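Across the two complexes that follow, subunit A remains constant while its partner is subunit B and subsequently subunit C.
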Partner chain A sequence: MAVPDISQRGPLGPGPRLRGALRRGLRWLPVLPSVLLLALFMAAPVAWSFYASFTDAALTGKAALNPQWVGLDNYARMLTDPVFPLSAWLTVVFVAVSAILGQNAVGLVIALLMTRSGGATASLVGTAVVAAWVLPEIVAAFAAYAYFSQDGTLNQLLGTFGVQGANWLYAFPMPAIILANVWRGTAFSMLVYRAALSDVPRDISEAALMDGARGWQRLAFITLPVIRGSIATNLMLTTLQTLAVFTLIWVMTAGGPSNASTTLPVLAYQEAFKLGDIGYGTAIASVLILIGMFFGAVYVRLIRGAKP
Partner chain B sequence: MRRPVRTGAALLGVVGLLASAACSAQPQAVNGQTIKIVYQKTDSFTALDKVFQDAKQEFEAAHAGVTVDLEPIQANDDDYGTKLALAQRSPDTAPDVFYEDTFKVRSDVDAGYLLKLDSRLSAWDEWSKFNEAAKAAGRGDDGGIYAVPLGTDTRAIWYNKTVLQKAGIPVPWHPKTWDDILSAARKMKAADPSVIPFSMYAGKGTGEGTVMQSFYELLYGTGSSLYSESDKKWVVGSKGFTDSLQFLKTLYDEKLSVTPADALDSNVWKKVFGQWLPQGKMGATVEGSYAPSFWQKGGSYEWAGYAQDMGVAMFPTQFGQDPHGVSMSGGWTLALGAKTKSPDLAFTFLTTAVNKKNALAFDENNSQIAVRADVASDPGYQGANPFVKDVSDLVAVTHYRPATADYPKISLAVQQATEAVITGKQSPAEAAAEYDASVKKLVGEAKVMQK
Partner chain C sequence: MRFGANAALVVIGLCFVLPLAWLLLASVDPHAGYETRWPQSASLANFAAVLTPGLLFQPLANSFILSAGTAIVNLVVAVLAAYPLSRCQSRFNKPFLYAILFGTSLPVTAIMVPVYGLFVQLQLLDSMPATIFFMATTTLPMAIWMTKNFMDSVPLELEEAAWMDGASGLATLRRVVMPLMRQGLGVVFIFVFIQAWGNFFVPFILLLSTSKQPAAVSVFSFFGQHGAIAYGELAAFSILYSVPVLVLYTVVARGSGSAFALSGAMKG
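Entry: the complex of A and B
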């Protein structure tokens, strides 16, 4: 907690212990509302989700009336459910390719190019990329659906060249949702990296240039090490955002065909709300929370390590 | 603080997925003088909305000081069911009167969402006008009545006469066996390769449509069934199940049906009603008795020529064995919320909504099969569209879904099997074996029988 330690300052009057305790208590006062809000809107749903995952809670049927404690049954079921490992794997692919590789790398490349290009080009590119990020997720999802669907923009463009496009959402569901997520999320990485690159001290680059370092050498040995803190932060944020992507996939493919694009959030939704099995759905959501926490912890350590 | 907050925000997104659906809280009823009505309304289903608007006027005129709060949910059948179930979970959001699919009645009774109506119904003089089979649709496992039917439906083959005639198939067309269907479809394909000869739904995209308007017509025509009512067990390992999947595979493999990609689109039925049948691009499909509601004046896909161009035929049994035809019935009911604070007002509103005038309007506008004797004998109902008699006759060969609490999961397993087969992911035998395995896992070995 970054609360400044002011207890060292000033003389302590009578009853120093009591006053100290009071001061320490008062110091927490400004953060109390946010702690309460967090507890109410974050900790409580997470706790409820964990609790429900140990029950057979359901939307309908006897279990809706009297949910029973079933212990680890829901988690044991994941081990035998053929869809769960597939779904976990698809989630890994989706996060690795669209967030860690796609959004990060493309965002960094665009940001680097923008620092080297003229003002007009940079702002034009910037606007085009940020446009996807400005759209609400549902609108972006419909736009991506309209682009990839059978009679969509992509196939019409291909049609003008006389090429018969595939039904992308059916034949290549994962590439389609990955591309859509890269399209939508790259702006965020680009903005983070633009800010980071503007902090790279010019004199170091110039000194390296004088020493005869080539472009890629300056990138690898100067720029990237200087912005490694931003890279770690950006990796964490894009990973966690992508882990939670639901609307985009649900609108584009609804997890299909035959579960070929069912990532864990989609699976959790299907189990909880389509099949009414809240217990199993929350168990999957709980696993997702744990995965998110794991990644969060790893990146937080990376960021700490990155600090000089 | 900032970092954990951001992490938390991302995690919250995950949890929000589960929590968000529960956040549609509505203002609470004020001192019992407001009754809340929840029902489904879509751009192609407004018949019920009209009935409730009328009933609201009637009811508010007769009960001064009572406000009827109509809360239509704009969603497809599946999502409507989910939203309704979520609303039922809290007394603050639970409706007083709501529109309930017959196949959900039993499991929702188990969940304690529905109020038992027996004592109220016995004091209601119009209850005797409802036919007995339809009354059973609202029965819970304890034998009590929990819901009042609005109408029922049947399923049949709807065919475009001009497409069949072009292929040299005489109309009226009455296929006697599955092979009759296939040979007619092949003729249509040969006469015009651009038409979709005989389409049947498959896959999870069309949800209950896949089973009600496709797979069960096949399965129940093989002599097999999904569930044995006498043994109270689910049937696995039947030859009929594999044969039915094989039939779908043939339709899709020979491109006699829509493409698998189209079949998995949950909006495919809109194209069937709105484009393919009216434009003569589809020969035939299996659909509900409510089909004319889309085409008649005021429907979502108005088509003046449907009465001349369309024909209706009974779906045949596999080899033409007794009783020669198959149909499936569902239908919707009105029920009272178990948590209602004013059950008497709510019940009075329910009886207003299903009185003869409103039931007649609903059955006509939504092409439902009447469940009230006085509506069935009304000339307005009988003349509502040229097919009323044909589809009403199918009641003789109809089946109902085994509406137990396990049913929705079993239905999904069936849909999954059809999807695996039409996409070529599994052979009919493999898909049937996987279905058997999932049924055993879903309901337990004790509730399964080999047949």
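Entry: the complex of A and C
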């Protein structure tokens, strides 16, 4: 670390020092465009979201031109609005089951199986899993819609076993979007865990094998603790990605039937754009942003802890 | 043991392929419905039906402009930002990088309501350039983080030689550093391009006129208007729209030796 040495300043006074500071400043000039973009399109909307959530801003009408400060009204409304608590609960279920349980567990299982299987099988199955993830979101959503629809693939499969399938998107919207999100997002966890497992030193597990550690014990006491850093970051990232899912739900159920699959992003969209209530919509968005900030802060702490 | 693992993997793989089977089969079936079936008379009629300027070419061109624009803005801004971050020691480095990392975790869907408000205030609604800059900002934190990591792996010695010869900082960046991290820059470009190409929600909110909407949005309106009848055409459209990102992803996965480049870069 180059600490400015006072003794070298000499008789020239502040001149060179100022020039040095200027040069150091110029060196940082290239960072400016990124700071400007992030300030204008990221920080400003977040700040405006918090501000607008205290007003009655609307898409049309009198409040559109001249929004009034309404204090905590929008937040108070959340508590009395029967849809908000339901929506918050559905979001928790969606994230917990599809990201934390689904994508993480399935991704880890696939990665573990791959360490034990033939190379050709592993790469073929890897391609199948990744395909669902690389496809544009809207295409994946169409495919999932078709799969779960009344005469879709799932019911055809069940039919071959003699089971009469349901109209999943209407009767069981949450299980349908949860499964679709697991299908869509597992590839990310799989890639993270494959990378993590390839870093687990072989001799550690081999030493355990010598000691006669059975497979499950080896997994629980050796492999998982070694990759716990990856598990933690992956849990955070999949949580954040799933928290923001909109398109998949919008195409499959549009939040319905009667709000049965309205997660917070869908609710914020409906309130703001369908009903034109920007104030209430931004209040919901602000809650989502705060949740995202919380998980984001945890994620940054994890990364900082991992890299001293 | 090995057989068991293989069998379990194949079953899982089949589960992942199944929803895509419909897409492939319906696209060549002129009488497709939502059931997955072998077409009685396979034909490319569905593809022929959607291969029109209004339905396919214009939206795909819009997608291309949006995605390429977003990727170029990202690359330029990220390389500029990453250079001092990678090369100069400062006590602002770490806080800045962690702030960037924090930025990667903001749910973009949540800020769409305020962004719409902002675009209305600034009269930027329905503007392609503004949409490009916004989309670039949403992927920028990730792009800076990745670019900085790639730049860190370029050895300093070569640059020092260039400095000795009197080259300025930015000239060194352009002539020495960037050529050496060509592959990394390619990964960042493709990574951003794929994300922008598949982005539905942002253009759905910010671009209003049909002539500016990318394929992601136009396929959605198509689905809304004709989806209930023209399943086969919907599938054909979806496939044509997906091909570019599948190709680009394969390029990255092959080029970097593994598919980890995309996800691994996220771990810092």
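Methods note: the second predicted complex is superposed on the first by the 255 of 308 C-alpha atoms of A that agree within 3 Å, B and C clash if a C-alpha of one lies under 4 Å from a C-alpha of the other, contacts with A are read in each partner's own complex, and residues count from 1 in each chain.
Everything below uses one rule, namely that contacts are C-beta pairs under 8 Å (C-beta built on N, C-alpha and C of every residue); 3 or more make two chains touch, one makes a residue touch a chain.
Given the structure is predicted, the values throughout are model-derived calculations rather than measurements.
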Just subunit B (first), just subunit C (second), both, or neither: which does A:K274 touch?
first
After superposition on the shared chain, which partner residues are touched by A:T282: those of subunit B (first), subunit C (second), both, or neither?
both
For A:L18, using the defined touch cut-off, is the partner it touches subunit B, subunit C, both, or neither? Pick first, second, both or neither.
neither
Of the partners subunit B and subunit C, which touch A:Y147 in the superposed model: first, second, both, neither?
second
According to the stated criteria, A:M42 is in contact with first (subunit B), second (subunit C), both, or neither; which is it?
both
Which of the two partners, first being subunit B and second being subunit C, lies in contact with A:R27: first, second, both, or neither?
second
By residue count, is subunit A touched more by subunit B or by subunit C?
C
Touch check for A:M293: first (subunit B), second (subunit C), both, or neither?
both
So, does A:L79 touch the first partner subunit B, the second partner subunit C, both, or neither?
neither
Looking at A:A244, would you say it contacts subunit B, subunit C, both, or neither? Reply first, second, both or neither.
both
Between subunit B and subunit C, which residues of subunit A are contacted by each of them?
1-2, 31, 34, 38, 41-42, 45-46, 49, 150, 236-237, 240, 243-244, 246, 265, 268-269, 272-273, 281-282, 285, 288-289, 292-293, 296, 300, 303
Given the complex, residues on subunit A that touch subunit B span 1-2, 31, 34, 38, 41-42, 45-46, 49, 58-65, 80, 150, 167, 170-171, 236-237, 240-241, 243-244, 246, 254, 256-258, 265, 268-269, 272-277, 281-282, 285, 288-289, 292-293, 296, 300, 303
Okay, in this complex, where on subunit A does subunit C touch?
1-2, 27-28, 30-31, 33-35, 37-38, 40-42, 44-46, 48-49, 52, 57, 106, 109-110, 113-114, 116-118, 121-122, 124-126, 128-132, 134-139, 142-144, 146-147, 149-153, 156-157, 183, 186, 188, 191-192, 194-195, 230, 233, 236-237, 240, 243-247, 251, 264-265, 268-269, 272-273, 278, 281-282, 284-286, 288-289, 291-293, 295-297, 299-300, 303-304, 307
Subunit C residues touching subunit A in their complex are 1-2, 5-6, 8-10, 12-23, 26, 33-36, 76-78, 80-81, 83-85, 88-90, 92, 96, 98, 101-118, 133-134, 136-138, 140-141, 144, 169-170, 194, 197-201, 205, 215-216, 219-220, 223, 231, 234-235, 238, 241-242, 245-246, 249, 253, 259-260, 262-264, 266-268
Residue numbers on subunit B that touch subunit A, as the complex places them:
1, 3, 5-19, 21, 78, 82, 85-86, 89, 104, 107-108, 110-113, 203-205, 260-261, 264, 266, 405-406, 408-409, 412, 416, 419-420, 423, 425, 441
